[in-house]
């Protein structure tokens, strides 16, 4: 690990984040969007660990924030998927552009 | 054993590349089930990366929570909503060229910023190894308040999910 | 009141008992009762009936069957076929030339053994009847069905004894019937 | 005498060290490191399948004896070559892939299920100094890896496009998730008492008192062991929790559409899971490789062997749970019991042994009584059958 | 009902239609159920059978009366003696033969032994469906083998007995046979105790079987259900008591009734019925008189079955087979072959309520409910 400069890791997590954003913007399937959001949160996590490893004096803080981020991601996924299920039960579709009626 | 260090360095770069490929897979594949599996692979890849960062505890947590629970949840959702036949439908909406252009600009800007700023890298931190004991003390010591808040959020999400996903009782159906 | 896990625990004790007794007990008190078939065989049960066979006394020519056709008529699945033999003059000789049973059709119900007035057809013990291929027909010609009376006594001791006894008394009665007219003539 | 025992005890560790120093003479240092990693890797790779093969034979023999019949005894004396015969049969069997199945994932599922099963072997402490990789988060690694097995089962059931396997896949996932939580919580007391996650440290914490310091001889140890063992049987889909491949209902659950070598891989993963889970149960509660004078690895394999025989005994005796009973049993019965178990460990830690024993029996009695009262469905109803003329 | 129609009354995300096809490990024989599932819950079930139809009644109409007896073995192949008993009773009612005392006792003994064989087999297979990996089944088969060896000694074949004749039985019970029956009857309670210890109070079994597939007495009587399934719903109807055919009214035995009519009751009523049959066997073994075993008038029929021409008319004889009321309806027009021959199969009629019991239950229960009704496809499809 010693050989890798910090900037390489940051660029890597930036790319990962960009792919996540692209997925969220372009996907028609709601579950596809949720998956991309997971990817973005994951990229943020890598950044946290990299900074805690390379810069901060007490490396534990980075890891604890990463744990909190994972917990939040889990709750977001759970609630998001519950909404998707409820939507599917009523409208039988999972595609964002088909859910355009404000009332049903 | 300089060779082993060099091998480790290349190993890490290889893992990063693999993660990026799987991430691309997540975004572009047609069949949503394949996307979920690519996500799982990408997450396991980041767990391997954490091991390379000397954060084994977090790697285990990542596998346990992310791959074990979140991806399974996503797959459950896919199974419940996807018709067994799985008809091939256009997966991407029309804004993809616009999105790609915007993102490329965003990435270019940030890479310049990353390369320019002098990050305060301290040599001591590289050697330091975080033991699980230290993590436990920090979690229970300085960060006990966010720890409690997180548990409240988790319970709230739990109840919320159950209420939304529960089949409405017949009479108050819309 | 029995505690929550007691039923489950009892069940496990039963299987444990059977596991242990299978090592020590004799076959019918909970020991192992499997018979290693090709090497060891079950004790043959006398009254067991499988495919029918024809009985002859002495040599295959003295076949008991007189080709009367009762069993052919009474057989439920109609699997017996008999043709009467004609002697040199052309008169029906009381012997079958063709007597074949289609083992594929026969359901070994034992009715032919019951209705046969001449004690010539009985149910066999041989159950390992196989054919090399599916297509060849399972019709057994007369020569395959013929078995000696000694074989019949070997597989069915009690029944054979009764039948032989009956035939011997019938013989004496017939001989006695022939004798008296002869003695009456000689007087 | 003790010297010979010491020698036998560390025979494997000494053998590896000897090979390494032999190679060390004419190979550069870094290659020796690689060789040592490959040696332990190869040992696991061949240990896993061999254990699986002879577990299948052991199972068929034991179940045969429970049912008063011999197990397989035609291939080799006492059927010892039967696993090899099964292996050859599995190789030669035709590998059918259903027509509209998802080819890639259909192939990937069996591979993805064997990998975690093998990865758990890293953490199992076979003997003194014989844990393959002495991770300081050993147990957490074990729980994390055993939680991955849900994914390949999903892949297997979804890719074979068959209604039975889909139902089997959904049932397995629900069962695995709901039994993972009581299992993790049942492990918590053992970790607290040995103050470390590393499996080796847990075993060392149970040393001394010639065998009386094992965790199972404490109130919370017994409860923890029973819960852990039940969750272990549920985790590797063995009866009475073998719902996913319930022959009578779902034909063969998620591996209905697999044949030949792929089916063998599913089969191998199940048995290796059973072995490692029994190994971990022995490590956590039965004092791993602690034992008076026999070599340490013999103790470990002996204890795991006994636990596996108990699992096989379960298979021969119990009917199968239904899906909702399975879930209710995990969430409403085992989970509260594990939380109470953590209470018992606190009692054990801060009061004298005797007080802890009485206190815990009291607490256990009350909690069991209330739990049984709450879960009315588990208690069999009393029925009377009138005999009329 | 069609899937769309089912979809309306349940707000299920997707109705899954599954075929528990003729080729399935736990439908006792060739039987198909098309099941509509909402997740695990059953919202539609249609039994489909006929895969084992062998044209039994048409064959019987082209055969002389005595030649039909071996075919009746093939109806309910688990216990052939009950079928023989029914057919023999019907023809005796048609032709007016009396059956000598000793033959009546032999008939009752053989029928009760067949009932025990059937009940243990049913319990064994039902637990096999529950998932107990063949252990109770093999314990049951160990006892069943002993009785089947006895059948082989007496009737000539283990399953296809063909033992009853009009006006009596084909072969007499020798003293060794009686001693063997006595040995079996005396050793059976020990096996039953062990079997019950393994199963009756087993929590998992009770959880899986209690309050599942409840059949109320009233719907059972409306649907014409008979046998242990009806008695488990609490209705006291046993043909041995109602008709008192043959010499059953000389023995005192009780009829066990169930309380709720669920799968557990059907299982336990059969265990109690085995106990009652053992009681009958003990009484019959002590009171069996000497004498011939076939009616003088029908003796020549043994030799020349072809010219047996019963008087013109019809007869319906019924017997309490272990599955329910097994009836034979024979119309004769004076010729040696019956003009019309019909069998009332209890398995077929007990199957009509399968859907009503399974609605709302899970799939795993559908299999056990089917197992608890105890159908044999040979009898259902004829």
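Here the chain labels run A, B, C, D and E in written order, and each chain numbers its own residues starting at 1.
We take it that a residue touches a chain if its C-beta (ideal position, glycine included) is under 8 Å from a C-beta of that chain, and two chains touch if they have at least 3 such contacts.
Predicted model, so just to flag it, every value in this text is computed and none were measured.
Under the contact definition, chain C and chain D share the contacting chains E. Across the assembly, the mean Cα position most removed from that of chain B is the one of C. Located most centrally within the structure is D, per distance between chain CA means and the overall CA mean. No other pair of chains has as many C-beta pairs in contact as A-B. The distance from the centre of chain A to the centre of chain B, each centre being the mean of the chain's C-alpha atoms, comes to 6 Å.
Computed from the mean C-alpha positions, the centre of chain A lies at a distance of 34 Å from the centre of chain D.
Chain A and chain E have CA centres that are 63 Å apart. Remark: chain B and chain E have CA centroids separated by 62 Å (rounded to whole angstrom). Shared interface positions of chain E, defined as residues touching 2 or more other chains, are 11, 13, 135, 139, 142, 198, 201-206. Shared interface positions of chain C, defined as residues touching 2 or more other chains, are 4, 7-8, 11, 14-15, 18, 33. Shared interface positions of chain A, defined as residues touching 2 or more other chains, are 85, 88-89. The touching residues of chain E, when paired with chain C in their complex, are 63-64, 66-71, 135, 139, 142, 145-146, 149, 152-157, 160, 162, 170-171, 194, 197-206, 302-306. By the touch criterion stated above, chain C contacts chain E in their complex at residues 2, 4-8, 10-11, 13-15, 17-18, 28, 33, 45-49, 70, 73-76, 107-111, 114-115, 117, 123. Residue ranges of chain B in contact with chain A, taken from their complex: 5-6, 8-9, 12-13, 16, 19-20, 23-24, 26-27, 32, 35-36, 39, 42-43, 46, 49-50, 52-55, 57-58, 61-62, 65-66, 69-70, 73-74, 76-78, 80-82, 89-93, 95-96, 99-100, 103, 106-107, 110-111, 114-115, 119-122, 124-126, 128, 130, 134-135, 138-139, 143, 146, 150, 153-154, 156-158, 160-162, 164-165, 167, 174.
Of all residues in chain E, only 16, 18, 24-26, 37, 40, 127-135, 138-139, 142, 198, 201-208, 210-211, 236, 241, 252, 254-260, 264-265, 268-269, 272, 362-365, 367 touch chain D in the complex they form.
Remark: chain D residues 29-30, 33, 102, 105, 135-137, 140-141, 143-145, 147-148, 150-151, 154-155, 158, 161, 163, 166, 169-170, 173, 177, 180, 197 touch chain B in the complex.
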